[in-house]
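Before we start, here is the structure in question, set down as structure tokens.
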Amino acid sequence: MSFKTIEMNDQVTLIPNNSLITNTPEEGRQLAVKMARLIIKITQPDPEVREQLRPKYAHDASNLIAIGQTVAIEFATIAKANNYWK
Amino acid sequence: MSFKTIEMNDQVTLIPNNSLITNTPEEGRQLAVKMARLIIKITQPDPEVREQLRPKYAHDASNLIAIGQTVAIEFATIAKANNYWK
Amino acid sequence: MSFKTIEMNDQVTLIPNNSLITNTPEEGRQLAVKMARLIIKITQPDPEVREQLRPKYAHDASNLIAIGQTVAIEFATIAKANNYWK
Amino acid sequence: MSFKTIEMNDQVTLIPNNSLITNTPEEGRQLAVKMARLIIKITQPDPEVREQLRPKYAHDASNLIAIGQTVAIEFATIAKANNYWK
Amino acid sequence: MSFKTIEMNDQVTLIPNNSLITNTPEEGRQLAVKMARLIIKITQPDPEVREQLRPKYAHDASNLIAIGQTVAIEFATIAKANNYWK
Amino acid sequence: MSFKTIEMNDQVTLIPNNSLITNTPEEGRQLAVKMARLIIKITQPDPEVREQLRPKYAHDASNLIAIGQTVAIEFATIAKANNYWK
């Protein structure tokens, strides 16, 4: 983990719109994906390195499943925040 | 992770029917499986690559278990949304 | 993941009895184990392949622990559904 | 996973006392450990194999941590069932 | 997993103070760390083996992250027990 | 895990401000990242070793995803503590 990066950095946005509230489940799901990506982005801020790593995400079955687990956990929080859009 | 793909893309549906509410637990379970698959689909949008990776899912004990964990987490959210269909 | 299989298939039952409600914690625990197995079953529908993979589950410490994690997550949902059988 | 074993088997007890309710947090914690072990036991019912695998659990840092994760998830459910023994 | 060890052993304390209630979040966090360590301790009761394994925890990035996941899950339970110290 | 380190050490702060309450979701998200890092810090207190391990975090796709899972679990707790900042 890049410790310098994870200092409170006013330029890093971790939650777009600074809210967990969305209009629809679909938007909530997209927010979950975004929030998961932004943690990868602040841990590895170099876009070239992330580009090199992309096949490791997108061509590796274990990593594809693990990404799904991360999104599932994020979405659980967002869904609760929105009271399941009921 | 394919960053281009994860931009808000009006053509990618992550939650069929844009709702977590289903009539039965069985349908909720199928929705959990669908939602987990759609994250794999947007992370690896190339169907040929997904086809190549299929044996890595379906013939690997560790990956089969990990898929189960993802579905379990998704289903926990859906079950709560439906108040356990009670 | 076998995408053909995961289409809404009226012949695949993912939740026996189509209910999360059981009479006792023990039955809830068995349901959690069943539900976890059924995800493996739909992801790898070929019983010969599952038979080949059985030692990978049952003779591998890491996989045995990972199965326990899946069952623990499923059981958390079932226990909540049953209000902990209180 | 030994599919024969996971059939509803009246001889396999997955939850001692068929209850999640315990008198103290300590007993709840022990129950979490027991429940996690019993899933390993039903997945690998042969005590000789479990004995062979013991070093893989007890001498492998990754597996030791993973066991902790399983117990943590089980304990979360038991603690909720007991309303945190408050 | 050392099955002999995990028998109900009145000499093994898994939760110091036999309570999940702490005065502050910081103490709750420390309790989460302690509880996670104690599961490692009962699974591997030999202090010499634990000493040998220490570099595997403390010098391995994947294991360091996995420890964090265990503590996060334990802390979620403790935080709920304390109603988030609000 | 460095057992000496994890003794109650009045000099190790695991939760800045000793509170889970933040003004905004963004601050809550940053707190989740901080809390996850601090567990790594107390498990590996040597800054030189953490510096050596940094590429293992930041250049390894699996570890990047796993960090995301840890942050997601921590954030779930913080979000609940703040009632989702609603």
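Letters A, B, C, D, E and F mark the chains as written, and numbering starts fresh at 1 in each.
Operating definition for what follows: a residue touches a chain if its C-beta (ideal position, glycine included) is under 8 Å from a C-beta of that chain, and two chains touch if they have at least 3 such contacts.
On a predicted model such as this, the values are computed, not experimentally measured, just so you know.
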{"item": "Least hop count linking chain B to chain D through chains in contact", "value": "2"}
{"item": "Interface sides of chain A and chain B: same vs different residues, half threshold", "value": "different"}
{"item": "Geometric centre distance via CA averages, chain E-chain C, whole Å", "value": "28"}
{"item": "Rounded Å distance between chain C and chain D, as computed from the means of their C-alpha atoms", "value": "16"}
{"item": "Distance between chain centroids, defined by C-alpha means - chain C, chain F (Å)", "value": "32"}
{"item": "Numbers and ranges of chain A residues touching at least 2 other chains", "value": "40, 57, 62, 66-67, 69, 73, 76, 80"}
{"item": "Successive chains along the ring, chain A then chain B then the rest", "value": "A, B, C, D, E, F"}
{"item": "Sites on chain E touched by chain F in the complex", "value": "24-26, 29-30, 33-34, 37, 40, 50, 54, 57-59, 61-62, 64-69, 71-73, 75-76, 79-80, 84-86"}
{"item": "Complex interface listing, chain A residues touching chain F", "value": "1-3, 6, 8, 13-15, 18-21, 35-36, 39-40, 42-44, 49, 53, 56-57, 60, 62-63, 66-67, 69-70, 73-74, 76-77, 80-81"}
